[in-house]
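Sharing a structure, written as structure tokens. Questions coming.
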């Protein structure tokens, strides 16, 4: 895949309304590999005053979605398992890195790690996509 | 547990900044059982134009967190597995129902289902909490 | 599907060498629904003297595989999450029940519960299959 | 921990009846790290003629259990998620490697990979233990 194609995919992913609303930035996109970051804002806390598990998950999911769609073929999540390894505080800068473990015609397997600014492990994710027989917009071979 | 205590827990959960920002409403809270709803807004979509997996997860997580903390003891998520059973569209009104499958001194097991307004299954979640030896605020035995 | 076809599928599943070696019995098979039982033998214990997680999983997996293949189309497991809800003892008679939550052309979603003879929950499983475009042997439309 | 202590733990794990019945060998044990191997025998196949998911899981579970108990404290599995990345054939020599991702007082997080003799990824596992306040036999501080 040419760099310009990856840039087009990255640009599409960056336009995700939900990721934008959470201030998630896609820092890196290669085929089967993506890095995204997010600062935990006050409006991402749960009632206990800790970062909401859903916000941490959304960051991991965004990196995963980027890696899963990085080949130009539309991929949808089937299963995701998140383990919350350690607590983080409001204001933390989180980094999610998604790596493709295996890619088949219809199924792709991924592992994602979420770390904080000190490099400590915050969450581990194992995830699977189903790849549709549809190219991403603008990747229809034309 | 008295109804007034459950109401106090429900009020705490309702104040979760992240759940509020997503418009999530806690519709029901009983010991080991919670129902929450969320309308999928335009700002919850992913780059493909579908509801972001992270938003669906956040709803399920909120119902789970409510059920897990419903006994007045602070509970934190360990592991959550979500299966995305079927796609939903923007504007859908989603309902997450969390049921406690087993409760031990330190560990609790839950199953959560997310359905749409027609009752169709959107996502299944299986999840586990670790229960700290800390009461929720206001539940310190006093 | 006719009863005779389900019987043929059940007969195939019963011939699984691994399930046979563990003494697993397929008690019931309907489309999208299966029940299997297993007695925890002494040779199924782990080094702590408890039933090995792998043996409990194998029972759940067998019920899941039966339900997943019950439509006459070859299905393979993608992801399975098991939560070990409560401990059981050697000699326990376990029962796994698999229910299809959703069935698509290529993907099927299942929940499996493992209970003991008293009906107590031993393990919860959430699992997903990929359905190949291949009939089971003897189901090739002929 | 002294090498002699790890050897004692390894010896205990090796005596697991279920692991023995499957011919699983514990090849390596360090604190938070274990490697186990298993040859897929004819009696480990499923009804489709492929290695039974339960047998592959049992190998991963054994490596995980070894790593989880490697500190001399009794650990029990809470949740395990297995993704079946690629198919293997009867006769394959499988290798499971478990790595501790994080260890707390009561909870430990692990990732396990199963590979074949060519080093190809067969399965990914993400797993969590609960650590009891009990030493393993022979590790009671005396």
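Before moving on, here are some points about what is shown:
To keep things simple, chains are lettered A, B, C and D as they appear, and every chain counts its residues starting from 1.
Here is the rule we go by: contacts are C-beta pairs under 8 Å (C-beta built on N, C-alpha and C of every residue); 3 or more make two chains touch, one makes a residue touch a chain.
The shown structure was predicted, so the numbers you read here are calculated from the model rather than taken from an experiment.
For the pair chain B and chain D, the fraction of shared interface numbers is greater than half, so the two copies use mostly the same residues to meet. Here A-C and A-D are compared, and the pair linked by more C-beta contacts is A-D.
In this assembly, the C-alpha centroid of chain C lies 22 Å from the C-alpha centroid of chain D. Taking the mean of the C-alpha atoms as each chain's centre, chain A and chain C sit 33 Å apart. Averaged Cα coordinates give chain A a centre that lies 29 Å from the centre of chain D. Each of the following residues of chain C touches two or more other chains: 78-79, 81, 83, 128. Taken as a graph of touching chains, this assembly is fully connected, with contact between every pair of chains. On chain A, the positions that touch chain C within their shared complex are 78-79, 81, 106-107, 126, 128, 130. Every residue of chain D that touches chain C in the complex is listed here, in rising order: 12-22, 42-48, 50, 52-55, 57-59, 61-62, 65, 69, 74, 76-84, 87. Chain C meets chain B in the complex at residues 79, 81, 83, 85-86, 101-102, 109, 111, 121, 124-126, 128.
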